[in-house]
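Can you keep this structure in mind? I'll have questions shortly.
For clarity, chains are labelled A, B, C and D in written order, and residue numbers in each chain start from 1.
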Amino acid sequence: MMGINSNAKQVIAEIVSNKKVGAYHHMVFAVGDIANAAKPGNFVAISVGGESSQLVLRRAFAIYRTFDRGASGGLLEIVVAPHGAGSTWLANQQPGVKIDLIAPLGTAFGIPTEPVRALLVGGGYGSAPLFGLSDVLKNRGCRVDMVIGASTAMKIYAPLDGKRSVSSLTITTEDGSTGKTGKVTDVLREIITSNEIDIVYSCGPMGMLEAINNITEEFNLVHQCSIEESMACGIGVCMTCVLPIKGEDGQIRMLRSCIDGPVVAGESVIWSAKRTIPEGTWGAH
Amino acid sequence: MMGINSNAKQVIAEIVSNKKVGAYHHMVFAVGDIANAAKPGNFVAISVGGESSQLVLRRAFAIYRTFDRGASGGLLEIVVAPHGAGSTWLANQQPGVKIDLIAPLGTAFGIPTEPVRALLVGGGYGSAPLFGLSDVLKNRGCRVDMVIGASTAMKIYAPLDGKRSVSSLTITTEDGSTGKTGKVTDVLREIITSNEIDIVYSCGPMGMLEAINNITEEFNLVHQCSIEESMACGIGVCMTCVLPIKGEDGQIRMLRSCIDGPVVAGESVIWSAKRTIPEGTWGAH
Amino acid sequence: MFNFQTTLGQAEFENPIFTASGCAGSGKELSQFFELNQLGAVVTKSIMLKARSGRATPRMAETPSGMLNSIGLQGPGIDLFLENDVPWLRDQGATIVVSIAGESVEDYAVLARKLRAVPGISALEVNISCPNVENRGQVFACHPETARAAIESVRRNIGGELPIIAKLTPDVTSIVEIAKEVVAAGADGLALINTVLGMVIDTNTMRPKLAGKTGGLSGPAIRPIAVRAVYQVHAAMPHVKILGMGGISSGQDAFELILAGASAVSVGTASFGNPMAAMKIKEELRNELISHGFDSLREAVGYAHRSEGGN
Amino acid sequence: MFNFQTTLGQAEFENPIFTASGCAGSGKELSQFFELNQLGAVVTKSIMLKARSGRATPRMAETPSGMLNSIGLQGPGIDLFLENDVPWLRDQGATIVVSIAGESVEDYAVLARKLRAVPGISALEVNISCPNVENRGQVFACHPETARAAIESVRRNIGGELPIIAKLTPDVTSIVEIAKEVVAAGADGLALINTVLGMVIDTNTMRPKLAGKTGGLSGPAIRPIAVRAVYQVHAAMPHVKILGMGGISSGQDAFELILAGASAVSVGTASFGNPMAAMKIKEELRNELISHGFDSLREAVGYAHRSEGGN
């Protein structure tokens, strides 16, 4: 457990841009060195609400991309879905405003050493971290296919330059307002088969991740997924963000999704637990 | 007691301008009809902190001036001294921001029916409501002299057009950075005598008001002062803002400075009480 | 048609949004902002036998998402109150809940006798979260025996008509124990919660900020405590009607207390920040209930207690 | 030279800023942000006899200026804790206060025996705000008898060396009564306050938001309750050292608790919003004390209690 949060830094970062993209806000922060340290899958924890806010906890956001601009400092980008008080506040902040953030936090997507065929599956704003991942995979010589799904077109996050970086992009919406009508899982089996996928990466709501995991098990594929649990601290000190994870020793433990996640192996998650403590969990009684 | 708050309206008012003037912010709000109803001495109660603020109470500000612009709606002006969380937040809000305010509240300065010689004495931002008062008095044919004091030059609020509206303006600062060195009370006796003052109006910290009242008693002058007590509601429902006031029947009562004040007769205030309940107060035991 | 009506004991109310005692003045102050007959009820400031000057100032301190107050029950005394305030409220068509407070068990008896024949009062809220001068200034509602004694005293003297709502403090080891005691003593309903004892020290003067040193904490900060208290008491005595309060400032907050088990809610501190708070909350609560598919307020009361199987 | 040192029982600390139990993980998580030896002490997460998975999720809900948690004391158990966590903290040069929690009086005895010979521990914080399985799950600190029994059990088994700091819950009718009881039972100091029992109902699911239904309220919302508790206990027992906590997020907040009577303060929830909170508070408190003319922390402890004549 040495080196928890070992790349993390707290900085006051200026908002460089804030653009509405469909239902989301694409926000860019000037973060300095942090940009170098971030890997696809990591997240950033952001203070919300300003000076005399009643919101005492940070909000976590998956890092969409980072740019190292050398001497002029790095940029970090996120995609915000205005939802409750905190995310709505953040989405309303304009360029020039200074924001307190901590990054990079959490685990990153594992990158295969061989050039493999990877399928990236994102739900809603869950597509955001997959574009950075796609770039890294491509640089390693991997073929990258992508599937993005949401309830409706406004909630599909698929920027142009992101689209260009993948070999194929399939979009699904439940209301059929863009792409195929249905869920991401409706198209996975065909893509996995026809594109001879070796590994699946996913990010989105728990229900979607579970459905994806059922399919990857069916095909016996490696599945790395980024989970989203309610986090009070984001740095491992509060124990609120736990979920049952089976270790290599077969033991189930309540692990923190902020430092042992958000990216975890799909096979290690006890999907059936559904927010209970499964029998046999270490320390359960 | 009929007609409490009877002219008060709650409106969402846009900030029209916000300019730093010395240590203060001169702020202008587009308030519509309210501008007509306000009288010198009234105050406005303003929500601070924004959407998810931890500041649950309004802040009171003396109304500096109002303008009726006919069809295009009225303007209301205040002078804000950034102090704690609420006033600092307000002073940082820029034109275009919408603010929830209630006005006009509280009692107004009594206007003599005859053309008399009035002396207006303000401490710090306490000078603000006196300029509107001065205009009204001048229109009634009164001669108006003014004294403004503060600890230092930056805390003297005396705008150019305000200065023009008075017959004489004396400024005092404790550090001598502008005007005469000393307190307002150091110059009062001379002005009262030489200008044959009939009535004194004052607004500022309690200590200053008390010192002024000692002098007006000495000269047997009418003294109307605007007091400042901690207010939770500003509209008379919470009973936090009380102070002991002697009625015409000689009975001392704990009266609400938000509806029975802020302007009260200097002679009715039990200055010696100093935040205690004086003996003989109605209901004290 | 959505049914917003509610009951507390035998009393019926058109809607579940009340003002909180001590947070609506005499009613006149708010009537400039909305018509008082739009409220489920006006709960009056706790009235005592005699006129009271209340505590010295400062009487309030703002705190994170809340405030402390130590008003000390300033008021005109029951006789002037019945002469002036009640008739005025009646003229407005307001539904009236009178809150009373005593310094002794006997005070409660006298207050009840003075009130029992007064027309136009819907219920009595009995504030027993105040100091008992006969018992070293200990708060009645802090101990089962004194809580019981105060409520029994009202019960015996009020006659059969007026429902009694006992208002409890959360500053106890078990609010359920006190609630059971006052219900056994004859309370028809419970008002939960009064303020939480707190203190602020002024770091400039380096002394307690309030003249009375301690004060009552109210506002959104205490809402989780209120929800817990209402939930616990409703779980223990589902048949006892609860008037919930503590930090309600939106329809969603009111909905939370209703789901926990409150049949009506009082709006206190929120009215200081916004005189229209009660009206805003009323509208928002109605929408909240309708959007969740409820046909009436009553169906939602205590809904958070349904068994896991429920949907 | 300004003297920032403080003592709790026989234990001495370089400065009065501690982490709060359960709010600093194992220490490792924070050590990326600052050196742990800069703290007055690291107070470890309450450790129990055996490994514990803690409660099901959701375990937290944000509330106005605060949060609810129901972690359920997840942890590795005392043996692994002594094997891994304590040596690591010692290596960092951290001053260590170990927090223990039991489910029975006997648990506290065993924990004390396991700890008494461990080198490098400065004090024991005894968390008695946890359920007693032998007494219908009632919280030890809620009743004088069980509070006393738990502390006595530690006292008898710890030997004479380690100071015992009893951590109390504010959810009682009289915290002074409980405080007196645990001091009589052998506590050298008191930690005030643990979280306040609360609940949030999720208006979407219309059920309690936390899997454990109720949770502990912490953060700035409860600060006035903490200040009051520290002030009351210090007034009653000025000689007993207090470790104050509850919503401290600035040096001014810490100063408030110190003026009320705390000799040191723990920073909890504030570290969730800002991992550097403890360091920021330390700096701000030092400046606050110096700017008020104090030459040492000690002079300021309980200063708000001085008589009216004082300046």
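FYI, a contact is a pair of C-beta atoms (placed from the backbone, for glycine too) under 8 Å apart; a residue touches a chain by one contact, two chains touch by 3 or more.
Quick caveat: nothing in here was measured; it's all calculated off a predicted structure.
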> Out of curiosity, which chains are bumping into both chain B and chain D?
Replying inline: A, C
> Shared touching chains for chain A and chain D?
Replying inline: B, C
>> Between A-C and B-C, which chain pair shares more contacting C-beta pairs?
In response: B-C
> Based on the averaged CA atom positions, which chain is farthest from chain B?
Replying inline: A
> Roughly how many whole angstrom separate the Cα centroids of chain A and chain C?
Replying inline: 47
> Where the centres are mean C-alpha positions, what is the separation of chain C from chain D, in Å?
Replying inline: 33
>> Using mean CA coordinates as chain centres, what's the gap between chain A and chain B in Å?
In response: 55
>> As a quick test, compute the distance in whole Å between the mean CA positions of chain B and chain C.
In response: 35
> Listing for chain D: what residues touch at least two other chains?
Replying inline: 64-66, 219-220
>> Going by the contact rule already set, what residues in chain A reach two or more other chains?
In response: 54-55
> Connecting every touching chain pair, does the picture come out as line, ring, star, complete or other?
Replying inline: complete
> Which positions of chain B touch chain C when the two form their complex?
Replying inline: 1-2, 4-6, 8, 10, 47, 54-58, 100, 102, 229-230, 232-233, 235-243, 253-254, 259, 275-277, 281-285
> chain C touches which residues of chain A in the complex?
Replying inline: 54
> Touching chain B in the complex: which residues of chain A?
Replying inline: 49-55, 85-86, 88-89
> Which positions of chain C touch chain A when the two form their complex?
Replying inline: 64-65, 220
>> Under the stated contact criterion, what part of chain D meets chain C in this complex?
In response: 61, 63-66, 68, 142-143, 171-174, 196-201, 203, 206-208, 213-214, 217, 219-225, 227-228, 231, 247, 252, 255-256, 259-260, 288, 292, 303-304
